[in-house]
């Protein structure tokens, strides 16, 4: 599926080449708005993570900033997912990611994800690492499809989710590798709140105006105290991170990833719009459950 | 109350004698459906737990199974509760239960409870030990009535619930010893989701089809990681288990349990349908709050 | 704003002078109902905490009591907040508060907060220390405005909330320093349940009748087991408590607290009714975000 939105973006070309996937708006005092744009579908490549680390370094040089809002320039994709092949070719990038997660979560700056469109895999792990998540009822979709492609989420989902939504809802989300809508995300507790799309901007703006009106040292002190509970440790994050490379080499993962090749993975496609729906059609590697497939 | 459903089942006789309380459907590749049937009201007796342990041992011999679904043949009772007198006469059975809970929760097989009817006491502790719980909005009822009969839940409720629903909702549930409907169970977070009864089977079937299409080692790896959070330890479970015998001997528990004798406990009755509602009428053992009773 | 309710109460004078801010109804066997009344707006002063400690000591002398219900004589304010200036002038009072929190939470008596009106700051920390919280949908409002006045919540909010509602919702609540209604409080999980105002009394009464009909040693045993999870430690509570005095001395806190002086703080006023709404208008101490303010 290549709709007109994608075509327009494709003409503009990918921003990856220019090294500028994040557009930063510093025009509001105390606030940075960081908009992710990596056309055509906001995929995370190694360069995205490198640039994200640089953005965080910049953030530390601006003592006036109290709040950072992350959003997306693409209404269909907040973050598509990681380009696994490229990430694997550059293994250190996953260590950078782990450092980014810990850095963002422990930063004195308050981080808010304003979520429209799909956010899957590392995208869901990105919003989980933000201090707060607000989602569009009509447009936000959440997924960690890794299990369905023979992998496990290695960037934090298995550490953040059980703490936020309990063991059973975390198991459902990660093991089913399905897409979940924003209402379920609110009921399960993995976003703070789901709002009607036309109320989302106003809600986040009002919250940001409050936060930037407060003193940064007080915000930082309170955040640090609350962080004593509900934060994954570096060791825990590393433990999931470490799994990626061993599991990638398994025959099951190889077989599943082969099936992704001509299906529209990583490009504008119906597959990327409805990732979760496609996964059961791959079937198990050992064929034992083959009759089960429609 | 002996309605026609019960009469029909009573004619079929209890399956306890035959040692087959669990009917296993292995006709779907990758999936076992284990249906509990111990007419007339699906009570847990020591033989139930012994058989359940054997079922788990069988499960381990089938490497193709990825998902086990537990349901009930009785639309009114998923699991009535434990027959406490019989369990006490065979004390080792509670150790078997603790082992079953840990075994099920740490098994590489994904367990799903599909809940219709009442599930009380050890029944609620059974579904809490399952990886996921889906409940019929119209027909599922949850309760841990132990406190109301002078006991405490000894089979895991006091370990699973605070982790899933927080301290205050766990206290309300356990201390009130009341019946809770499926909508509250969803709002409190102790089931994954409550669905309309006519959508429950389809929802669980679709989820199972997804899970059996994935690779068993990947499901097992992800489950093990998520289990790092939200799992009770053996020591914690043993600690509640140990309380049962000392508290059973207390005069309060003896007095309350005597009141259960002619009220319909353990047999088809209005008492078993509405267990929670009856408990306050027993009054406190020391009579101090007697005037409070209606 | 001085409406007729306030005027009537003002004529009756503050109960602070008499040392009787808590009216105790012991007329129901097994139950104490403790009604807070410190006209005109139910503010906590050092004498309140001293009296509360005495009430808890009395409670221990009555072995028949199983349940204590806390409510308010003022329909607009459950507990306004702490009078910070008076508390600071009597520093030991915050240690008394920490001891009260631990004492109430670990008491064999079951505590229930029945919440109508605003409960902010130490008021929210009071209800968090109760075993269960039930709120009026129409009238209950929750807030920890400390960050907005240059302080941090020092009485337990940063310890209880992340355990109950998860890291992200706790951060939103504490950092935004805003007022939250009862429906959000239920969705976030920090009250057990929100009920229509005309159903609140009946619901709590029925729950209390159940609890007082049960045996006190059984209630106490179950509560102690559940308390193994979700209870802050004394060290953690002390850690937030310790922050108050250092942060109070900061220029930011001094500047913000100066702004409270002529705005209606601590007296019947529109400010006290809508505390959260006023906070962003103070602006940051360093002026960096001044342009942001409306």
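Chains here go by letter, A, B and C, matching the order in which they are written, and residues are numbered from 1 within each.
FYI, contacts are C-beta pairs under 8 Å (C-beta built on N, C-alpha and C of every residue); 3 or more make two chains touch, one makes a residue touch a chain.
From a predicted model like this one, the values you see are computed outputs, not experimental measurements.
At the chain B-chain C interface, residue numbers used by both copies make up under half of all numbers present, so the two copies contact each other through mostly different positions.
With rounding to the nearest 5, the Cα superposition of chain A on chain C corresponds to a rotation angle of 120 degrees.
Taking the mean of the C-alpha atoms as each chain's centre, chain B and chain C sit 37 Å apart. Counting partner chains per residue, chain A has residues 163, 165, 189 touching two or more of them. Only residues 28-31, 64, 66, 110, 130-133, 163-165, 186, 189, 191-193, 207, 209-219, 221-223, 225-231 of chain B touch chain A when the two sit together in their complex. Looking at the complex, you find that chain A touches chain B at residues 146-148, 150-153, 158-159, 161-163, 165-172, 174-178, 184, 187, 189, 236, 239-240, 243, 247, 250, 252-253, 256, 279-286, 288-294.
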